Amino acid sequence: MTELTDKNKRTRFVPGQPDMWAFVLFETLVFTAYFGFYLFYRAKSPELFLHGQAQLDLRIGVLNTLVLLLSSWSVARCVQSARVGAYRAALRDGYLTAFLGLAFMVSKVLEWARQIRMGNGFGSSDFFTYYFFLTGIHFVHLVIGFVVLGVLVYQLRSAARRSQELVETCATYWHTVDFLWVLIFALLYVVR
Amino acid sequence: MIDIKFNKRLLVVWLVLSALTLAYLWIDHSVDGGGSLRGSAVVTSSVIVIASIKVRIIFREFMEVRQAPVLLCRLTDAWVVLIAVSLLACYFVGVALR
Amino acid sequence: MSTVMTPPESAAAPPSGPVHRRIAWHLRHNPKRELWLAWWVMVAFYNLFFPMFFVVAQVQPPPQPTWDLATQVHWFDERHLGMPIGFGIIFAIAGMTAMNNALIAYSMRRMSVSPAFGYSYLLIYSLSAIPGLLLLCIALVVGTLRPERNPETIGWLYDFAFLSFDGTMGVFLIGSLIWMVAILIDKNRVFPKWFGYLNLCNALTEVVVAPCWIFQRGVLAWNGQIAWWLDMVVFGVYQVTFIVMLFQMIRREDFGSGPLPDLPRKRANAS
Amino acid sequence: MADVAENVVAGSRSPRNALRRTDGELILLWTVPAAVIVWVSAFFLFPGFIPPMSPTMSADQVAAFYRDPAHVPQIRYSMIVFNWFGASLIPILTLIVMQIRRMAHRTPIFSYAMLGCVAGAPTLFLVANVCWLLAAFRPERSPELTQLLNDLAWITFTILVPFLIGQSVILALAIYFDDQPRPIFNRWVAHFNILVAAALVPAAFVGVSLTGPLAWDGVLSFWLKNVAIGVWVVVMGVVLGQAVYRERAEIQRRGEELDSA
């Protein structure tokens, strides 16, 4: 739709549909509220939360974050390749993003399984309630992200479609999943 | 080749973000000196600030807000500040009400 | 098609004069009278429903799930008249929701999507009223009926009411997603795309309510700050938005089958 | 917007409209008398309806009602019959939806709204039905639980009016908005529906009191409501029959005109 204007003009433009940005900002507010409740109750009874947090493995969290940042990087490359018409490279980056997203998902499920085996369920302590709630709702966003990546790949595959606007919209969603994880990671694993 | 230059920039961005992530390991390690679990407002504040910086970098570079109209730049910056301030406020109100 | 359909009255301006005469004119001659009727029914419904639910029956904001039986019985006792009357009015007007759902189904009918979307939404939301609202009211009315009933039985009615109300969000989840997909793939520009994404935000809050089946206290309980208060805020934003969106849709409606035209700036109040 | 076109040109000689299949509508229509007979017999078979059980009965009295050896089979068989035929009004309501589609409306809103109401009352009725059957399944259950099931059944049965009110009012509005020389239904049908809707409203307040006209055995909540539903079914059955037969005659005439042309 906007390929021509993108190529010709070096002026400022909103990446993707502005509508998606409305979603990003609104959903970020909702998450900020979740985080706010978490931090408030955490600060009120720090020992309880510290005790739960000590059972998380920070290294897994760091690895998760690096994988998801890498997927964000590859989808950003995908957008730039699509913009200059390098659709083959863009498609490859799209698949790479999905693969990295899948890797994140698998490691998340393994981490959950490990915690449950250690006896830390959804209801077993306040910290783990928040842990499973925040990672779970993020997981739901990630699952939706795969639908979004599906749209992105579908757009890139056929010359008849290839709407740069939609590609950017999808990428914006994926980055949102990424930066929400950056916040969740910091708040669940590192905050004291 | 304009795209190669962009890609290099993206790679640098990713490296910066990863370095900030690894900084958490160091923060976490340094606070565990005594072996006992302690809450620390300094760690919490610095972690929230670092996370906000990372979010802003993702906004600016990955999400291409850098090239977006000024309104979107201001809006996302405001949001980052809003997130950081709300989180710190919630934490410190909780501490005060302990 | 649209030009053929538009009857000559649509060009005629409504008469000036007292309000009741203007309303009568619109009811007889306004070409969009069916849509406006449905919209006003929707506004009237919510304006009656919320005061009844929150003020007369006083069942929301929800009471604590952790209360002991004596407190629960006392809670019923305080509302032994408010609930039957408030719910009575809600039952008398609940049929109006059919008009709301019909209007939303019509919005999908106006889009460039299969009629299956509109029909699915209609059926899902017609179904949703029963577990989502009517069962709550029935259980609470039965609870107020006999204060001398065994407190344990009253406690069961209490749980049944609030969990059936808060815990059956799947119908709303799927309904919102159907509306979202219809808006996002629509080419007739009936709604802006951001409203489609707002449907997703609302659908995600329906996911967040589900832990009320697991937790009796804390932020995820049926009266928790996240599961109830935050979701209520999101739902409130969503609801006000969709009422405004439907209002705009009716103003732009041309009864054609192509893209919905933008509102002409000059004669914005014409219809 | 096929529907709009269909609705707007309903009065004109549109071949597209003539092609609407009406096969089998008569079969659905003639299920009304059968359903009415079945319902009336089940209604009289249930020992709790004539006269309606009093809400002031104590738990032991309610338990005794369900334990009475003469009552148990009557309760079970009448409620099983209701369970079989509880949904038998839905085809009639759907036929009304089809008739609303023929009206001179610009949008399908009224037919959508009607369709949205159709399944509501039968669903709630089945909830009540299940509670009655549960109470009769183990009459030796503690009287308190039997009383709870009995309360749930009666309240649900009495309070199931929202969608009945809704469909009457929606049908009335649809008729008022049906501006054509020969409307599908006469104006008096709309007035009649409004009247029925008004008669059903008091039943929504059944929880207010255990005695008096609003109690579930009261003049308003039981007699007025159920008589209104009965009269509505009979009157709408007849009126709907006239409309369906008229539509068939029109289609036949139009077909002959097309053949001769």
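Order of writing sets the chain letters: A, B, C and D. Residues in each chain are counted from 1.
The rule is simple: a residue touches a chain if its C-beta (ideal position, glycine included) is under 8 Å from a C-beta of that chain, and two chains touch if they have at least 3 such contacts.
The structure presented is a predicted model; accordingly, all values stated were derived computationally and were not measured.
Peer 1: Remove chain C in your head; which chains still hang together?
Peer 2: In the absence of chain C, as far as touching goes, the chains form A, B | D.
Peer 1: If you tally the C-beta contacts, which comes out ahead, C-D or A-C?
Peer 2: C-D
Peer 1: Closest chain to the protein CA centroid?
Peer 2: C
Peer 1: Could you work out how far the Cα centre of chain C sits from that of chain D, in whole Å?
Peer 2: The mean C-alpha positions of chain C and chain D differ by 24 Å.
Peer 1: Could you grab the centroid distance between chain B and chain C? Build each centroid from C-alpha atoms only and quote it in angstrom.
Peer 2: 39
Peer 1: Would you mind pulling out the distance in Å between where the CA atoms of chain B average out and where those of chain D do?
Peer 2: 61
Peer 1: How many Å are there between the centre of chain A and the centre of chain C, using C-alpha atoms for each centre?
Peer 2: 31
Peer 1: If you connect every pair of chains that touch, what shape comes out? Choose line, ring, star, complete or other.
Peer 2: Looks like a simple chain-to-chain line, open at both ends.
Peer 1: Between which chains is there touch?
Peer 2: A-B, A-C, C-D
Peer 1: Chain C touches which residues of chain A in the complex?
Peer 2: 17-20, 22-23, 26-27, 30, 33-34, 37, 41, 122-123, 126, 129, 133, 137, 140-141, 144
Peer 1: Which of the residues in chain A end up touching chain B in this complex?
Peer 2: Per the touch definition, chain A meets chain B at residues 12-15, 21, 25, 28, 32, 35-37, 39-47, 50-51, 54, 58-59, 62, 65-66, 69-70, 72-73, 75-77, 79-81, 84, 86, 168, 171-172, 175, 178-179, 182-183, 185-187, 189-192.
Peer 1: Which residues, counting only chain B, touch chain A once they are in their complex?
Peer 2: Residue positions touching the partner: 2-3, 6-7, 10-11, 13-14, 17-18, 21-22, 24-25, 27-28, 31, 37-41, 43-44, 47-48, 50-51, 54-55, 58-59, 61-65, 67-70, 72, 75-76, 79, 82-83, 86-87, 89-95, 97-98.
Peer 1: Mind listing the chain D positions that touch chain C in their complex?
Peer 2: The touching residues are 1, 3-5, 8, 55, 105-110, 112-120, 123-124, 127, 144-145, 147-148, 151-152, 155-156, 159, 161-167, 169-170, 173, 177, 201, 204-208, 210.
Peer 1: Using the touch definition from the top, list the residues of chain C that touch chain A in their complex.
Peer 2: Going through chain C, the ones touching chain A are 192-198, 200-201, 204-205, 207-208, 211, 214-215, 218-220, 225-226, 230, 234.
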